[in-house]
Every structure is written in C-alpha cells, then in structure tokens.
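Given below, in the form of structure tokens, are the structures.
What follows is subunit A paired twice: with subunit B in the first complex and subunit C in the second.
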Partner chain A sequence: MFRHFNFYFGCGILLIVVLASLLAPILAPYSPEEMFVGPRLSPPQWAYPFGTDMIGRDVLSRVIHGASLTLYVGAIAVGIGLSCGMLIGLTAGYSTNWLQGALMRTIDVIYSFPDILIALALVAFLGPSLRNAMIAVGISVIPFFARITYSIVVVERNKPYFDSGKVIGASRLRLIFCYLLPNIIPSLIVIGSLGFSHAVLSAAGLSFLGLGAQPPLPEWGALLADGRNYIRKAPWLMFFPGISIILVVLAFNMIGDTIREYIDPRQRWRR
Partner chain B sequence: MLSYLFRRIFTAFITLLVACLAVGTLMHLVPGDPVQMMMAQMSFVSIEQMDEMRHRLGLDLPAWQQSVNYVWMVLHGDFGITIFGRESVLELLLGRLPNTLLLTLSSLLVALLIGLPSGIIAAYKRGSALDNFLMFIAVLGVSVPAFWLGMILLIIFSLNFEFVPVAGGGVFSVILPSLTLGLVYSAVIARMTRSAMIEILTEDFIRTARAKGLTEKVVLFRHALKPSMIAVITTIGMIFGYLMGGQVIVENVFSWNGIGRLAVYAMLQRDYPMIQGFIVLFTTIIVSVSVLLDLIYAWLDPRIRYG
Partner chain C sequence: MSNTRQPVLTVENLSVAFSGRKGPATAVSGISFKVYPGEMMALVGESGCGKSVTAMSLLQLLPSPPAIINGAVYLEERDLLQMSKTEIRSVRGKDIAMIFQNPMSSLNPVLTIERQLTEGIILHENVSRKNAIQQAKKNLNLVGITDSAERLSQYPHQLSGGMRQRVMIAMAISCNPKVLIADEPTTALDVTTQSQVLSLVTDIQKKLGVSTILITHDLGVVAETADRIAVMYFGFIVEQAPTEVLFDNPAHPYTKGLIAAVPRLDFFIEGKKIPERLVEIPGIVPSIFNAIKGCPFAPRCALANNQCNQEKPPEVELSPGHTVSCWEVSS
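On to the complex of A and B.
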C-alpha cells in the first residue's frame, strides 16, 4: 500500500514538473531574464512567491523555466550513458573471454574514480557550458550502466531460453538483439530512472561550480550558485531551487524503486 | 590464507603499474598540443620556451618511452614538479592528504553511526510504520544534493548558533562538512543494510537459529549481522573512494582543502604533472582499499578463505 503511495507520489511530482516545463511561458508570472520586475532581494511575498534575486528577477519564474532545462539535461545525459553503457555491457557480456576481460577491467578501473571527477575533467577539457556539462555527465555514467548491463547479461545468457536460441542456430546478432535485449530492457528502465536522478544531481553540481549552465540561464544548480553569495541576506534564493532539485530527484528515485520491486518478484514476496 | 593475501597484493601491484603506464601517456592522448594550451593563459612566451617546456615534460620522446620514464620516476618517488608554481607534486598532494583523510573518516563515522542502526531496525521491523518512515527519510537522503544540504547546515548552525566554525582550519571546522557528507551517505548505507539484512533474514540458518530457541537479539546480531555485512562492506568501500576524491563541491562550499579540490584546480589549469600525480595517488588509495576489503570479505565469509 505504502509502495503504491511512493509510486503515485513520484509520478505526481514528475507530472507537475513536466507540465511546468511545457507551460512555462504561461505559468511563469514574469520572464525569467527580465530584471527589476520587483525590488532587489525581496523576501517571498504575494507578488513574488519565491522572492526576487539580486537584480530583481522573479525567482518563481526562473525556477519554472529551469524545469525544462533540468529534464533536458537528465534525458541527454542518461541517453548518452545508457546507450553507450548498454552497448559495452552487451558486448562484454556476450563475447570472447579475452574481449570481455579487457572491456570489464577497463570499465572497473574507470568506475573506481568518482564520476563527478570524470565529469569535471571532461568539462575542464571541453570548456564550461550546459551542452558540455550534459556530455560530460553522460560519459561519466557510462561505466555505471555498462557494469549493470553486464551483470544482467551474464545472468540471462545462462538461462534455458538463451540456450534454445543457440540450439536453433540463431546468429550472434539475433541472439543479442532478439533474445537478450528484450529481457534486459525492464531492468534497464529501472536503472535508467535511478541514473536520471544521479545525472540531475551531477549536472546541478557542475552548474553550481560555474562549469555547467552559464548566466543568465535559469538552471537550478546555477540558481543555487547565484544564491550562495547572499546566503545570509536572502536564504530563499537557495531554498526554492534546492527543493525543486530534491523533488525531481526524489520522484525518479521513488519511481525506480517501485518498478524494481515490481519486476523483481523475490523482493515483492519478501515484503 | 597467506597465499590468498600474496596473490591479491601481487595483482594490486600489477594494476598500479598498468595505471602508471597509462597515466604516463596522458599528455599524448589529449587532443591538441598540451604545451600550447597551457601557454595560452600566459603572455609573452617564446618558441624556445615552449620547446624547453616540451623537453622538460618529455613530449619530444615517443609515447612508449615517455610512459616508461614516468613509471621509472614514480617508482623512485618522483612525481615531477607542477607547471604553475614549480612545486613538487608529491609534496603538494601529501600535504593535502591529512585533510582529506580527516574529512573522509569522520564522514564515514557519521554515516555508519546513523546508517547501520537505521538499516538493521528497518529490516527487522520490515513493513511497519517505522520501516516506512526510515526508508522514506533514506530515499529523501539520497535525493538531496550534498552541497545544498551543506549550505542549509551552514545557515542553521553557523549563522544562528555561533559555536560551530564555518570554514578554515582547526579540528572543529570538520564538524559541518562531515555532518553533511555523513548524513547523505548514511542514507545510502541504511538502504543497503536493510536490503542485505532482509535477504539474510529469510535464509534457512536464521530459521534454524530461531528454532533452537535463541533470543532475537542473538539471532539478529550473532547470526544475521555478519553475513549481511558483506554487501554493506562493498558499499562502504565505494563510499570511501567517493569521499577521498569526489567531494569537490562540498569541499568548495566549506573551503576545505582536500586533494579533490587540488585536482580540480589542476584540471582547470591543465597542469598535467599535477593531474598525473593525482591519478596515481588516487589509484593507489583505491587499489589498497580494495585489497583491504578483500581481506575483510575473507574474514566475514569462510567460503572465500578456504575456496
């Protein structure tokens, strides 16, 4: 019962965020970049529910317009990480011992480095921008997806249905794409959703350091970086973007957790 | 057991050697001319100076030779000197290491003190309101950006109560950053402990222990805790690695001078000897930790010891 609550709670938040990002121009009371719509650093009040920032921009409008950026960053990063990671994991999981060893050893070594460091190194070479931050975060999560795909494939390729495919004489490509892939996709959806929350956190961190979204983009991590200098005078600058990040990440975590329990029957009956 | 230990140490050494060889070719792998990119930030650099720099970094040698040279240097404890400031890379890194270790160990302590008991209680009372509550807090915990939590703690503690220092030196300034990181990672540990514990509690030997008439306390702490720690130890090892190098953003919030921050600074400046030194040091730490973890596994699970 409570699990269902978690799932619906997550979906509800996600729905709100998606709607906010689609309807941002209608919902937001002001333009996100318009200066001096109110006094500088005004605390939250009826006209500016989330307050205003140091140049009089409406924080609510900026947070609403930032929603689409956050979803976009997460989707691109997970897209890069999942597709490359899945390809590596599939190749390693179903190939000769030699290639498998080489691929997974390399992935293991890279995986032992914190992914935020890898992302930072990549941004340092590519140059700071939102686009590069997305690419960097996407590449930094490849080892994570590759390892998970690999571990799932190793389990699946020892199952009878896979042997039957081999016996029928299915080609290697057919075995991978028609036998393995459909069976690992449900697990990958879960991992993708958990990876999404991770990517959003990393990208926000990069923007917070000034290496991701550049001003005046209202990305939530960048909003936190703005608010940091006014931590004493105007804590609302930090509070609302932070809560927004938490809600989106929480939504993806809750949805991922629930689906994982649903598709893993072992966990279901244990409850 | 001893041969197991030696085998593990030997493979660890080989891993390190391969890592050093790879790191040695780093400057050849980077697209573009690294010297030109480094010099781009300086004014008035002559062609001769650039050639001298290339020679000093060994860029005029073929990649394999440069890489072997690097391993040779590292084996002799020479990590080179930084390009900006011309300081010893090893001294800079080792100077920051105590700071990083202090923050890592204190954060890990906080995380374990909160995470382990919550995980065990949640697993034991699974399905109860308490379990649901603890796991809601835990999923919230893994969803919070650590740097945001850090700033909120800063506002609450340092600006309202003046007794905790905000940043800077001193033993007390470790309190807030380690509380921040500890809280975030305690959520990870609690989730892991709970699921590992639940898995163990359904095993046959637990039913046997209960059937023997042992008290719940003995069943839980004597029989169930040790085997379920295997999965948790893996998580702790991973968190250790993250705390040693991946807390750049939290270090930034609290102006904490760890090796992670040093590395990021070097990356932004393209100070290659510094980046190489960091990668070698970090790999050494990670590899040593993984050897240590394997020994703990062997202690926890006799099947590994005698296998």
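On to the complex of A and C.
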C-alpha cells in the first residue's frame, strides 16, 4: 500500500509538472515576462497566488513557465551523462586489459574536480546560455555515472552466474546484454533519477551565477537566484521555486525506486 | 576401468601459474591425467591445492594474462588450450559442461529458469524455442524436479539451494556433454541435501554415461561415488588409483594421512578399535610463491630424507592404474 502511495505520489507530481509545462500558456494567469502586472513584491494573495517579484511579475506564471525548462534541463543533462557514463563504465568494467586502466584513471582525474567547476569551465568555454549549461552539466556528471556503472559491472561480472553464462558458451555480446545489462539497469534507473535532481540543481547553480538561463527566462534556479536579495522582505520569491524543485526531485526519486522494484525480480514479491 | 579404451579427456603436463608482484605463483605444476568414457574421476585435495584452477583452465576460463597456462588438454583429438575464443565457446556447454560450487549465486538472478535452461540448448543445438522448452522440462524431471511447468516460470530466488543446484545440473546436461566437471557441487549445501545432490550426480552420470570429473576436498564424498581418484597436493598429483585400491592400499604418505584423518564410522559399526584422537598431518601447505626443489610434501612428511628435499620424485606405477610420486615408495 505504502509503495503504491510512493509511486502514485511521484507520478501525480510529475503529471502536474508535465501538464504545467505543456499547458503553460493556458494555465498561467499572466505572461511570465510581463512587468508590473501587480504591485512590486506583493505577498501571495488571491490575484497573485505566489506573490509578485521586484518588478511586479507574477511568480505563479513564472514558475509554471519554468517547469518545462526544468524538465528539459534535467532530461538533457541526465541523458548526456547517463548514456556516455554507462558506455564508459560498461567498457571499462567488461574489459580486463589496458583499456580499463586508461578509461578509469582518466575518469578518476576528472572526478577529482568538483563537477560544478567542470561545468563552469565548460560554460566559460561555450558561452553562457541555458543550452550550454545543459551540455556542461551533462558532461560534468559523466564521471559520476561512469564510476557507478563501472563499480556495479565489476561486482556483477565477478559473480558466479556470469561464469555459468560463459560455461554455457554464451558469446561476449550475449554476456553483456543478457547477463550484465539486466542486472545493472535497476541500479542505473535509481541513479539516473538521483542524477536528475543533481542535474537540476547544478543547472540552477549555473543560472544562479548568471552562466545558465539568461534573464528573463523563468528557469527555477534563476528564479531562486533572483529572489535571493529579497529573502527577508519577500521570502515567497524563493519559497515557491524552491518547493517546486524539491517536489520534482522527490517525485523522480520515488518513481525511480518503484521502477527498480518492478524491474528487479528479486524484489517482486513485495508488490 | 580398462586402460585400453580411448580416453575422452587427456590432460598432459598442465601447469598454471599466475604472474604476481612476488613473481609467478605456480598453482598447478605439470599434472597429467586421463578421463575415460563413462567413468567418474575424482580430484581430491585440500584448499588451494589447485583443483579448481585445473578445472577452470580446462575450459580457458582463467583470464590469461595473469594466468600462464602450459601443457595440453585434449578432448578426444582436439587441444582445448590451442582453441580460439569462438572454438572454445562451441565446446563450453556442448562438449564440456560445468557445475559450480555455489548454487545460490550461480544462476542469473534476472532470468527465469526457463530462459536459463533453454539458453544452452538453443545456442548449441539447432532447435526451436518450443522444442528447447520440451527438452528443458525433460531435463528438470531427470534431476528430480517434478513440477517442472511451474518451476520453469520461476526465478532463481524462488528456489531453495538444493533446488538451484538441481537446476544447475539440468543446465549442465542439457546438451548431452561428453565431460561434466563438478567443482565441489555440494560444498554450499547442508548435509542431507549434499547426499541427495551427490547421488543425483552419480545417477545422472550412470544414466547418461557422461564422463565426470568430481572435484572435492572430502574423501568421504568420493569413497562411494568415484571410480578413480587423483590426490592433489600443492599443484601436483601425488597419487592416482582406482577407488578401492586407493583406500585399501594408499601408497603416498599424504594419501595415508588424509585417509587416517577421516573419522571412521564404519570402524565403530564393525566393532573395530577407534583411535582416540583423529590423526592429523603436521604443518601447513607452503606458500605457492616459494619455488620448491624436491617433493612438495617433504616438509610435512615423517618419512622425508635428504633426497626428498633435493629432487622431485618420479611417477611410478605400482599396479595397473595406480601411480604414485614418492621416493619412499619407488626406492
């Protein structure tokens, strides 16, 4: 029962966010960029449920329009990070020769830098924009995904069932796709959903520093940054985008957990 | 066992070493044995004496490097060690099958029993999925699993340890292999299940006439099941003999020590004198990093003399099929 609650709660929030991003022009009461639709720094009230910001823009409209940006950032960054990281981790974990050492040492070197620093350097190189921030965040999380995939692969490939696959006479591709992948994908899904939240936060951080979403884009991280100066006077400027980020992150973690339980036959009896 | 028949598996001078930081560590040093059709041969020895390494190297399962493998292993005429990766893959599961010691984790946890049982059949024999499932059901019945239809749709974690080992055996025999290697198939099971699985392996071996190499550290296990026993110590085969000969007339001091160390329930039943204390073999196995000149057992052997420490004893045949490597016996 509780598990189902987790799943439905996560899906519910995700559904709301997806609907909000799809139907933003209809749902949002005002344009996200229109200034002085109300008084400056108005607290939440009936006309402006989430309040207004320092130049009188409606925060609710901005949060609704920001939903698609947030989903987009997370999806692209995790997509880049997970696909490249998984490929590197699988290759390194499966091979036993020099390739393993070369790949993992390179990854270790990159991993030793804080990933926000790598993202910063990449954005400085590519130029500040939301698109470049996504790419930069995606690249910066590759070592994270690669390392985790690698460690799972090494554990799995040393389990006896992998040997029994070999003993049956399974080919290398078969070993990878029928033995390794199904056993590591449940973990990767959970890590992917965690990485999603990480990516959203990193992108928000870049936007906060002015290197990601450029004003007046209503990206949630940028909204947080905008509201920072007014945290005492107008806490709702940070509260609503912040809560939105938390809820989306929570939703992804809950869904990821449930999917893992569903995919992993060892845990199926709990359903 | 008559030696006039052609052996199905011939191991000639097989040695396996691992390159390590302290230099090469020799796990198996030049062992030779033959397995004849339809017989059960046992490799007996204590932990770390090279039994499993021998088994793994037969099918090229040891990653090489770091393993350095020399010698020859003939499956009938073909040398397994010279085979390419593709060739050896067609031998694995088809001609030589293997059962591992840990049934709890030797099955792929995310595939159903059906998938795992049919995998080898589909891979090696040109049959449809439907026929493969029929074959899988038959094999499950053969290993004593009766509700095969239900079992096929289950996952490994839904089976008990003994059940999983039965599935492993069913997998191993699915392509009618010529040789079955059972690497301590009963180690991880409790005693009652052990005897069931053991008699199952013997049964299958008799029924299908498949040559079996049974690897174990338990002399009691092989006393009743094996036709022939090879005793391994420190990477050497120190004595080889038909089972009755080995138990009645052990020649090598190590074999004698091993047999003396087994608690004899049969003495108790027959009213013979029971030793008050079990006999033990003094000392420990030397490190495999140390190169040894003489007989590997010399440091622990009560009969050891100067010659034992200096020269390796040659293999001598005491009676047909009974060979031993010991200076004390050959002189």
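Quick note on the criterion: the second predicted complex is superposed on the first by the 219 of 271 C-alpha atoms of A that agree within 3 Å, B and C clash if a C-alpha of one lies under 4 Å from a C-alpha of the other, contacts with A are read in each partner's own complex, and residues count from 1 in each chain.
Everything that follows uses one rule, which is that a residue touches a chain if its C-beta (ideal position, glycine included) is under 8 Å from a C-beta of that chain, and two chains touch if they have at least 3 such contacts.
Note that the structure is a prediction, hence the values are computed from the model and not measured.
Trainee: May I ask you to decide whether A:Thr96 touches subunit B, subunit C, both, or neither, giving the answer as first, second, both or neither?
Mentor: In the superposed model, A:Thr96 contacts subunit C only, not subunit B.
Trainee: Applying the document's definition of touch, where does A:Ser197 land relative to subunit B and subunit C: first, second, both, or neither?
Mentor: first
Trainee: Under the stated touch criterion, name the partner, subunit B or subunit C, that contacts more residues in subunit A.
Mentor: Counted on subunit A, the partner with more touching residues turns out to be B.
Trainee: Given the touch rule stated above, what does A:Leu250 touch, subunit B (first), subunit C (second), both, or neither?
Mentor: first
Trainee: Applying the touch criterion given at the start, work out whether A:Pro235 contacts subunit B, subunit C, both or neither, answering first, second, both or neither.
Mentor: Only subunit B is touched by A:Pro235; subunit C is not.
Trainee: Go through the superposed model and pick first if A:Tyr30 touches only subunit B, second if only subunit C, both, or neither.
Mentor: After superposition on chain A, A:Tyr30 lies in contact with neither partner.
Trainee: Between subunit B and subunit C, which residues of subunit A are contacted by each of them?
Mentor: No residue of subunit A touches both subunit B and subunit C.
Trainee: In the complex, go through subunit A and note every residue touching subunit B.
Mentor: Counting only subunit A, the residues touching subunit B are 2, 6, 109, 112-117, 120-121, 124-125, 197, 201, 204-205, 208-209, 221, 224, 228, 231-232, 235, 238-239, 242, 245-246, 249-250, 253-254, 257, 267, 270-271.
Trainee: Within their complex, state which residues of subunit B touch subunit A.
Mentor: 15, 19, 30, 126-127, 132, 136, 139-140, 142-145, 147-148, 151-152, 154-155, 159, 195, 198-199, 202, 241-242, 245-246, 248-249, 252-253, 260, 263-264, 267-268, 270, 275, 282-283, 286, 290
Trainee: Along subunit A, where are the residues that touch subunit C in the complex?
Mentor: Within the complex, subunit A contacts subunit C at residues 96, 159-161, 163-171, 178-179, 182-183, 264-266, 268.
Trainee: Considering only the defined contacts, which subunit C positions touch subunit A in the complex?
Mentor: Against subunit A, subunit C makes touches at 59, 61, 63, 89-94, 97-98, 100, 102, 105-111, 119-120, 123-124, 155, 157, 168, 171.
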